[in-house]
Amino acid sequence: MERQSEFTLRRRVQFHETDAAGTVHFSRYLLYMEEAEHAFWRAAGLSIAPLEADYGWPRAAVTCEYRAPLRFEDEFEIHIRIVAMTQKSMRYACVLTLGDVVVATLTMTTVCVAKRPDGPARSVPMPPVMHERFQVARDAPLRG
Amino acid sequence: MERQSEFTLRRRVQFHETDAAGTVHFSRYLLYMEEAEHAFWRAAGLSIAPLEADYGWPRAAVTCEYRAPLRFEDEFEIHIRIVAMTQKSMRYACVLTLGDVVVATLTMTTVCVAKRPDGPARSVPMPPVMHERFQVARDAPLRG
Amino acid sequence: MERQSEFTLRRRVQFHETDAAGTVHFSRYLLYMEEAEHAFWRAAGLSIAPLEADYGWPRAAVTCEYRAPLRFEDEFEIHIRIVAMTQKSMRYACVLTLGDVVVATLTMTTVCVAKRPDGPARSVPMPPVMHERFQVARDAPLRG
Amino acid sequence: MERQSEFTLRRRVQFHETDAAGTVHFSRYLLYMEEAEHAFWRAAGLSIAPLEADYGWPRAAVTCEYRAPLRFEDEFEIHIRIVAMTQKSMRYACVLTLGDVVVATLTMTTVCVAKRPDGPARSVPMPPVMHERFQVARDAPLRG
């Protein structure tokens, strides 16, 4: 299986994702990015949260720039790609598009940490299979 | 400490709880009831989900009747009371009011189950402290 | 186009729908039922919330019985069917299944009301096209 | 009334804000920031979304850095302050703290736009009252 660098998820806006302004609430864009991330992992034969795992993937940082609204029943695309990968972390860039319109651009850094029921998290090297299935996207720009 | 039968939580509608119809999304009423339940337990000196617990409280049944809408920044009350209590389960009745207006009436049955990472849940007797802190509300009507 | 009485939506559990108990939060089942309802309407060529509509569909009542948990990445089905239909309201029954397991059974009554920016809602006859596209399901039981 | 530059909201983690990792889902931090923003406006005698308004405040950009987890029933603080203000936009910085621990730092830029049922949003000067009630925080650091 070739190593994967990017993934596109097609998704429809659900009514419960809108707010009283008539458009999608700005916090939901993070849910969209995460749904694409997890679908990306599944497409690479992996789960980000297997029941038996003794590690997890908390987020270290997120950014989002909003360019156009989304409305109920809009069918949009979430393009996610790996832009950096270390022994312990991954960084994604993500673009939401509605037809030709760029709706938002996001980034997310996520870190592999040992699961501990309480106390501070400790980052650990990610499972080796990650480097067999994923790789950083080439220098092609995110769009175009 | 006297055994508790009911509790009232005052709460304001948050913007992210509304939807494109301009009012609170119907699913959020369950969140409101749950927030009141957990505040009720705290007022009785208990947590519904202590870190070290080997049991949990999944829901068995919920009903909700909607009578009036809630809008952004409305300040409303959630009245919750215990209407039944067995060795393994509790049943609540709940009323949401906005001033004199009844917004919704709800019920919820929740069951004490042993925590198991996988497989079917098994109901177990609730911790004895529950019967020391809680009791079924007397026959007084929920409102009035 | 034949009048429609039921619809099935296949859906995967998203991570943000789970809670600290490790399973799907009980309020999300209402979101699942609503997503199936709206997909059902789209399959019948309708939108439940067109931009230009001067009416809406607030919920009058919901019930949910929980029988089995759902976990992250479970792929389950939402079966929704019309069990009653008047001039102003519709009533659905809904079953969530994970393979052969019944996860939950729900009902929902929704009412057609005139849109008013403020003040009490007033129920109105639903658009005639509704009766051309939808009809009550026959007496076949919901499952089997 | 003196012009306001900052605000602190005390808040408890609700169970429905956690996920299967046992901690608060990363998207909820945006909800916390927004709740503090709206409480800040109310403390200044304003609503961010009055029913009769012909403008709204969509978000232009958000960032969040995550430093420590939040768990069910944690009682934490959200400190929000205005770091920039133009004729058409506001920029906030926000810190979440749990006791002495910094849980997260966020920023948000929000823009005043004319409400239009459809089509692209157009930014407009914010109502003059905004400049009477709010001002950019002095150079004091956000914490300390």
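Which chain is which? They are A, B, C and D, in the order written, and residues in each are numbered from 1.
The definition used in the following text is that a contact is a pair of C-beta atoms (placed from the backbone, for glycine too) under 8 Å apart; a residue touches a chain by one contact, two chains touch by 3 or more.
The shown structure was predicted, so the numbers you read here are calculated from the model rather than taken from an experiment.
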Note, CA centroid farthest from subunit A's centroid sits on chain B
Set A-B beside A-D; more C-beta pairs touch across A-D
Between the Cα centroids of subunit A and subunit D the separation in whole angstrom comes to 24
In whole angstrom, the CA-centroid distance of subunit A from subunit B equals 34
Listed in rising order, subunit A residues that touch 2 or more other chains are 15-16, 20, 22-23, 27, 31, 34, 49, 51, 71-72, 117
The residues of subunit A that touch subunit D in their complex are 20-23, 26-28, 30-31, 34, 49, 56, 58-66, 68-69, 117, 120-121
Touching subunit A in the complex, subunit B uses residues 15-16, 18-20, 22-23, 25, 27, 51, 71-72, 117-118
The subunit B residues in contact with subunit D across the complex are 14-16, 31, 34-35, 38, 42, 47-49, 51, 71-73
